[in-house]
Amino acid sequence: MTWLGIGEADWIALQLTFRLALISTALLLVLCLPLAWWLAHTQRRIKVVIEALVALPLVLPPTVIGFYLLILLGPRGAVGGTLERLGASHLAFTFTGLVIGSMIYSLPFVVQPLQNAFQAMGRRPLEVAATLRAGPWDRLVSVVLPLSRQGLLTAAVLSFAHTLGEFGVLLMIGGGIPGQTQVASIAIYSHVEGMDYASAHRLSLFLIVTAFVMLVCIYALNKRFKIVGVAP
Amino acid sequence: MSLACEFRLARGDFALDARMTLPERGVTALFGRSGSGKTTLLRCLAGLERAEGWLTVNGCRWQDDERFLPVHRRPLGYVFQEASLFPHLRVRDNLRYGYRRVPVARRRVDFDETVRLLGVEALLERYPQALSGGQRQRVAIARALLASPRLLLMDEPMASLDATSKAEILPYLERLHDHLEIPVVYVSHALDEVARLADHMVLLEAGRVLATGPLHELLTRSDLPLAHADNAAAVLEAQVLDYDAGRQLVTLGCGDVRLRVSREQAPSSQRLRLSIRASDVAISLSQARDSSVLNCLPVRIAEIDDDPHPGHRLVRLALGDQALLARIPREAVERLALVPGMAVHAQVRARALT
Amino acid sequence: DPQPTRIAAASDLRFAMDEILENFASDHPEHPIEVLYGSSGRFRSQIEHGAPFDLFFSADIAYPRALEQAGHAAGEVIPYAEGRIVIWSDGLDASALTLSDLADERFRRIAIANPRHAPYGDRAREALRASGLWETLERRLVFGENIAHTLQLVQSGAAEVGIIALSLVRHPSILDQGGYHLIDDALHAPLTQGFIITRRAADNPTARLFADYMSAAETRSIMRAYGFQLPDE
Amino acid sequence: MSLACEFRLARGDFALDARMTLPERGVTALFGRSGSGKTTLLRCLAGLERAEGWLTVNGCRWQDDERFLPVHRRPLGYVFQEASLFPHLRVRDNLRYGYRRVPVARRRVDFDETVRLLGVEALLERYPQALSGGQRQRVAIARALLASPRLLLMDEPMASLDATSKAEILPYLERLHDHLEIPVVYVSHALDEVARLADHMVLLEAGRVLATGPLHELLTRSDLPLAHADNAAAVLEAQVLDYDAGRQLVTLGCGDVRLRVSREQAPSSQRLRLSIRASDVAISLSQARDSSVLNCLPVRIAEIDDDPHPGHRLVRLALGDQALLARIPREAVERLALVPGMAVHAQVRARALT
Amino acid sequence: MTWLGIGEADWIALQLTFRLALISTALLLVLCLPLAWWLAHTQRRIKVVIEALVALPLVLPPTVIGFYLLILLGPRGAVGGTLERLGASHLAFTFTGLVIGSMIYSLPFVVQPLQNAFQAMGRRPLEVAATLRAGPWDRLVSVVLPLSRQGLLTAAVLSFAHTLGEFGVLLMIGGGIPGQTQVASIAIYSHVEGMDYASAHRLSLFLIVTAFVMLVCIYALNKRFKIVGVAP
């Protein structure tokens, strides 16, 4: 089952990668929306601490983050251990673990662009919408999201692309188990290590070309529906 | 009593401390100098500012110490001082934004009619960025009206409109407020506009209500700044007696006195409102017969006051139980030896408003 | 779901292990086995934290020993090979080189695995120290994360020469590119490699079967072919 | 000839195609309905739009097919239709933004005086977000002036100002334009404001120049919409003959005719400009002596025209070689049997402008 | 010379890390400013392609990017080889190489927030500034930068933090030479691999605490001088 010179195991890894990137980006967007909104509008002191915390996952090397996550999510960690005691199983070496890991690591790429977009939007459009009978959810959908589209797009693209290429965290907490936690980046790495450069190049090229085509389509769509300028 | 409120709010040095009661329907003009707190007060009414105090509209408590009806639950229309259109929506969708959110049964404003009367039909497919300043403002007015509001708040809605556009929109607003029977709070610096639209008036100064009452009373009170304004005017309520379609003239009765005013169509109601600018009233001792001025009314001088205009005095004239203002050169006051109590004739150029 | 038996193996085993597993699969098709290659240190951490690995082949016997002591092993640590290090270059025939030739200034960069954590790097450092070259060469050394990375540093030409595992240069694609110089194993401590069956595989017959298969004659010859010295030879 | 230009620019359906020549100094009013292209034309003058065409200011070529002087090299002041203050700068720094960028030797406007006269002293330390709409607009005017412009472009600068603020700022602008001796292009919908400030006028309609010329000519031309506007007015240039300080009256000569106008101070120049609204002129057959109206001038009826105001006619009166407009009820035209050529008396309430 | 339980080599690595993060962030900001500006304002078709290209470095695992960079910058690569022929030396295993690598990898974090900020700002403030005599550079400094401060901050923070934690690329092209290319992330990794967990934890903790304190200070400063809202 080799196609385009890419073996079956690699196809599975690719599929896993895109699934992971989609799921964690979607979850991140949903979770970070309220956080970014709060950060954009609060005047509380604690805000700066939260802002700093959000950026922290970037500071440590991914493998090290992965290492600490492994401890946390594994059977002896605070999270994994609790799950085990509750009769569930721990999260290390599972797809769920990968999702958590890549979400934590992509957190800043989602929160910050959203926060910026919300701040740039100001309160006025929301006020107008409220005087026109739009309730909070309605305002979110009809005003906030469209007006912060550029920020959403940046958040989604950075998080998605970053998850595609993420390696250290995923390898550490996933273990690179084929079909379960071996994502494309690990597969490529593995090929390079095994001096199977041809496979590595093919897989890299496929990943790059796919991502490039996706991105071009997304940006073209975005441009198509772009508002030419901000109302003065 | 239909709208009553009391608000206290501080913003830096500025403090709003306003209490007022507005009539059930009709337009209330909110008047005051730049920075006196008009916008702030409107925002409190809309619930956009969380001021201390309370607000009752049509018997419903919208706000007090315990309650605070959120903005989107208040059935109001708000025209912001800056047009504030949604930049991501075409004009059509800006207009439909509020319209769609009102249940069909509660819609009281027709989409196409409003669009036509505000002259924005040709703009429906544009984005707000492709509109001129005045076009944006008209869209914003239409958008607020299309939300079928039960309280209309308008913050200088016509500031950047040309005279012709204003002349087109004003009658529509008048009809609308007759038709909707809702209270309207209208901020404007144009006394003409206010005299035409408003029944009631609230005067703000540095965040406090200086005076409130029927428009015609406030306009001529010499203790208030309005009577001393450049375009000070009196408003008279008069009985319709006759309409001469050929000459387009209405004959009106104001107490014992008869007045004639030009008007395109026969008045639809029995009463008509007239605006008479202080600068449109001249005083003569005898009744001039060969003048083009339509009305030469017997009046009595009630009060002669100072006028900020150089070389002028402000004369309050009693016409039955109503008041007129006349801005007269000092020279004429001397020449004609005018004193309070004297019976004179007022040469009046009146304008029908409603 | 029926999970295959899973081996975590040090990267240097890659070529040998692939061949061994091919044989094993044809001999025991009813016992599916899957292999993952990587750094021994990472595998050690992961096994400690519940990784689903049944056998662990480490490049350094210290890791499985640590796991055994912590109770993560089902049985003894079994030494399976001794690693050798070689001088290798991508640009010239290294078979003509000796350790002392590395002092030559034309070798601007010399790649070894990071001695702080990679066993092959540690042995390379020992060998350099023993031949009195460490001080001379220290400034010219660059460090790979593991032995495979070290190989890449040399392959890219960025390092003119490197000290890497014999097992890697025995790969056909590398052998084509010229020779290598085997470093005298008297210059460094033996690099004993060992494996364990992890605790989770205590009752896994396949794991046992494969552990035994490691001492099969066929397997041993593969190991030898890839430059591993077998412990009892 | 000081400012001459020709611009062509398309924006969707709208096409600007304007050619005009403005006098060396003095204010040119840019008049036109909402959406007629006033803002677009100002932007072309400023270089904010790259229109086809050319522009010469004070003999310098600012733009033609080869050249395009970038905006920041054009010594202009621009008051945008929306205040557009820098949100990141306090009012003080907004004001100093342009001021600092003009070399000291070329500064012709005093910082403190401007700040005081525009009434923004108390706001200097605030950010624009903490200002009311009118306050923002005043800051924007001050900011443009402080850049000591040699061409001033103002897009409805006073739209959201109250009458009192306007009354304070207008004289300052008047003095400034006397003092700076620069051309000013002024967009406004308020004919009063325009009549007071402008010497020259450009009428725009749908992107084209409908008419251009001295203000007093355009105001009374019955083929232009201005004469038919609600507040149509004529502007007269008159000779100062005498000032009566006690009664604050100036006596003026306009041809053979004498006029009296109230004025606080003695005029500083030998000529004075008067604005006379069509609605401030009444016609009488005889000279009324016992009226408070100061001026009863012998005039000749030049033309009797239709007026869009119901029941009125627009009468053009010849006063020497100048023109007056009078808006007269149809009834009075009939009653007094007015016909062109007839000699009548105009009862005139005039306002001194300069 | 152990202090806070952190050895001398690690201190050197830390110093190198911060230097690298500072230099590459500064360079990136300078270089991406015009690019982001162009992207924010151009209407050309090619724009979407450039936008997609900018995000591509994220798509591949860092080690793989590093591997390709190693080849490119090494003596046989297009860049390194040319340098060698010109008598200079190639860039593999040099600090310059690290700077290039971390810049390429952080590119999207800088371009996208800047582009969003520029778009949100609109053209009006620039027009106003131009009518007030401000030339292009003047406008950049007095209007563009202050008004896109939030975007600049995000760009700087993401790029800086990301370089602190960057590992794969730096490892690949740096060669881990102490004092020259061994950055903190590699040192931490080394400790973990070498089972010297205590050192790893200490170094991680130091990095995290330092970064946290820096970020809190930056955000607090930013909040202090923040404009309360956008002018309506």
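Each chain gets a letter, A, B, C, D and E, in the order it is written, and its residues are counted from 1.
Criterion: a residue touches a chain if its C-beta (ideal position, glycine included) is under 8 Å from a C-beta of that chain, and two chains touch if they have at least 3 such contacts.
Because the structure is a prediction, the values reported are computed rather than measured.
The chains touching chain B as well as chain E are A, D.
Chain pairs C-E and A-C differ in how many C-beta pairs are in contact, and the one with more is C-E. Set against the Cα centre of chain B, the chain with the most distant centre is C. Comparing the centres of all chains, each the average of its CA atoms, the largest separation from chain D belongs to C. Averaging C-alpha coordinates per chain places the centre of chain A 56 Å away from that of chain B.
For the pair chain B and chain C, the distance between mean C-alpha positions equals 91 Å.
Distance between chain B and chain D, defined via averaged C-alpha coordinates, is recorded as 26 Å.
Within chain B, the positions touching two or more other chains are listed as 80, 82, 84.
Listed for chain E are residues 67, 124, 186, 189, 192, 229-230, 232, each touching two or more other chains. Of all residues in chain C, those that touch two or more other chains are 42, 45, 149, 152. Touching chain E in their complex are the following residues of chain C: 39, 41-42, 44-45, 66, 108-109, 111, 114, 116-118, 141-145, 149, 152-153, 156-159.
Interface residues of chain E facing chain C in the complex, by the touch rule stated above, are 67, 70-71, 73-77, 80, 89-90, 92-93, 171-173, 175-177, 181-182, 186, 189-195.
By the touch rule above, chain E contacts chain A in their complex via residues 47-49, 51-53, 55-65, 67, 108-109, 112-113, 115-117, 119-124, 150-151, 154, 157-158, 161-162, 164-168, 185-186, 188-189, 192, 200, 204, 207-208, 211-212, 215-216, 219-220, 222-223, 229-230, 232. Contacts from chain A toward chain B in the complex involve residues 124-125, 127-136, 138-139, 142-143, 146-147, 149, 227-232. Partner chain E is touched in their complex by these residues of chain D: 46-48, 70-72, 74-78, 80, 84-88, 97-98, 101-102, 127-129, 136, 143-144, 147.
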